[in-house]
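If you scroll down you'll find the structure; I have some questions about it.
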Amino acid sequence: MERKPKNIFIQGAIPAEKITESVQKHATQTDIGAHAIFLGQVRADTKDEGVVTAIEYTAYEEMALEKVFDIREAVFAKYPVTCVHIYHSLGQVDAGEICFFVFTSAPHRREAIDACNEIVERIKAEVPVWGRELLGNDKHVWKKNT
Amino acid sequence: MERKPKNIFIQGAIPAEKITESVQKHATQTDIGAHAIFLGQVRADTKDEGVVTAIEYTAYEEMALEKVFDIREAVFAKYPVTCVHIYHSLGQVDAGEICFFVFTSAPHRREAIDACNEIVERIKAEVPVWGRELLGNDKHVWKKNT
Amino acid sequence: MKTGFHTIKMFGILAEKTGQHVLTVPLMADTDQLTAWLFERYPQLEGIKFTLAVNKQLIHNNTPLDEGVEVALLPPYSGG
Amino acid sequence: MKTGFHTIKMFGILAEKTGQHVLTVPLMADTDQLTAWLFERYPQLEGIKFTLAVNKQLIHNNTPLDEGVEVALLPPYSGG
């Protein structure tokens, strides 16, 4: 396996078309029996100072890509998965748009689902990305993960 | 909520385009923060008598739709999910094609993911659908779920 | 004494083994009597695992059969 | 005595509060000395939670700083 971390970052929202495309690319891999997909969508949450209209993402990109690389390697070592694809937005993503896309494929459902969950949790906890929630009135709050 | 069960059955493979379309339809629901998707893909498994080229699905349709309706209601009662969509193929689905599509949306990831998993497990265990694995040589075996 | 018929639906490997998707059988008192009748007519069902549904509800014990109920023979599910 | 400079990257709310994404600071012996220096120059950092990374590795204890290392101040992550 190549040691160079793959880029996961996409400028702006992740196009919904990417989901179908990702699935179609795996139709020739007939050892796959299951795909698990997680999508994060920007919520129009109500804050004290206003309603979230968009999130602006920034990252410590080099460290983030190294960290995602480690997570990928750990997941491939732990689960018999065939493929793992991870995308995260940078810059502005409007409410209702997709900002995070994790896609895992495996012969059987359990591995695909468990691997997908683990990637989602680890990326939220371990990858240096920050969301600034814009309130559409020049105000903003810094997103907090739970 | 309408008491009449929704149809979940699609003749032949589930078009991969349906996945992107389903996501796009939820872009206006800005209380959604997470989508979880499970896809079943037909595997070209090697059996004693040959390699699986397709699965031919049949169902006890009326009972299956009632059962899926019950599962949907139980999931909505148990998890704070916004939307649940379920599709399953009938008839022939070739190796590499999608035969099963579960899509859940919720404000937060935990509910979307847990609801999706529960639907996948319950449908496999409780819904009267049968797969006949065609071996491309006029032979077949009856699919067994694990 | 009962008259009339039952309609029995068969699925999956059961439909294949019997060559029938729908059977019309004489009225039976209960599901035990029905399965005994089926095994007599279709000895090829012997050894194949299945569950009965009456009016789309799975049954696990002997159940009386009224005229007009829908009986189905369901091999283990393999959807998904 | 050390000469030269460190380059410090700041992210998220820390970059916002200081108005700086990259700081050039005099060479420091270790991370404790660096954070003391930062709090003195940027009192607005007080009370904001962050972790340090040295050469992209999170550090949890005082760590010596060699010339040329990359130091980053990371507020709690909120990706996804």
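General remarks:
The letters A, B, C and D name the chains in turn, as written, and every chain counts its residues from 1.
What we mean here is this: contacts are C-beta pairs under 8 Å (C-beta built on N, C-alpha and C of every residue); 3 or more make two chains touch, one makes a residue touch a chain.
Small disclaimer: the values here were computed from a predicted structure and weren't measured.
Set against the C-alpha centre of chain B, every other chain centre is closer than that of D. One inter-chain figure worth recording: chain A and chain B are separated by 23 Å, centre to centre, where each centre is the mean of the chain's CA atoms. Work out the mean CA point of chain A and of chain D, and you get 27 Å between them. The distance from the centre of chain A to the centre of chain C, each centre being the mean of the chain's C-alpha atoms, comes to 49 Å. Looking at chain B, residues 40, 109, 120 sit in touch with two or more other chains.
Residue positions of chain C touching 2 or more other chains: 80. Counting only pairs that meet the touch rule, the chains in contact are A-B, A-D, B-C.
Residue ranges on chain B touching chain A, taken from their complex, read 16-20, 23-24, 26-44, 95-98, 105, 107-109, 113, 117, 120, 146. The touching residues of chain B, when paired with chain C in their complex, are 40, 57-60, 62-64, 66, 88, 99-100, 120, 123-132, 142-145. The residues of chain D lying in touch with chain A in their complex are 9, 11-13, 15, 53, 56, 72, 74-80.
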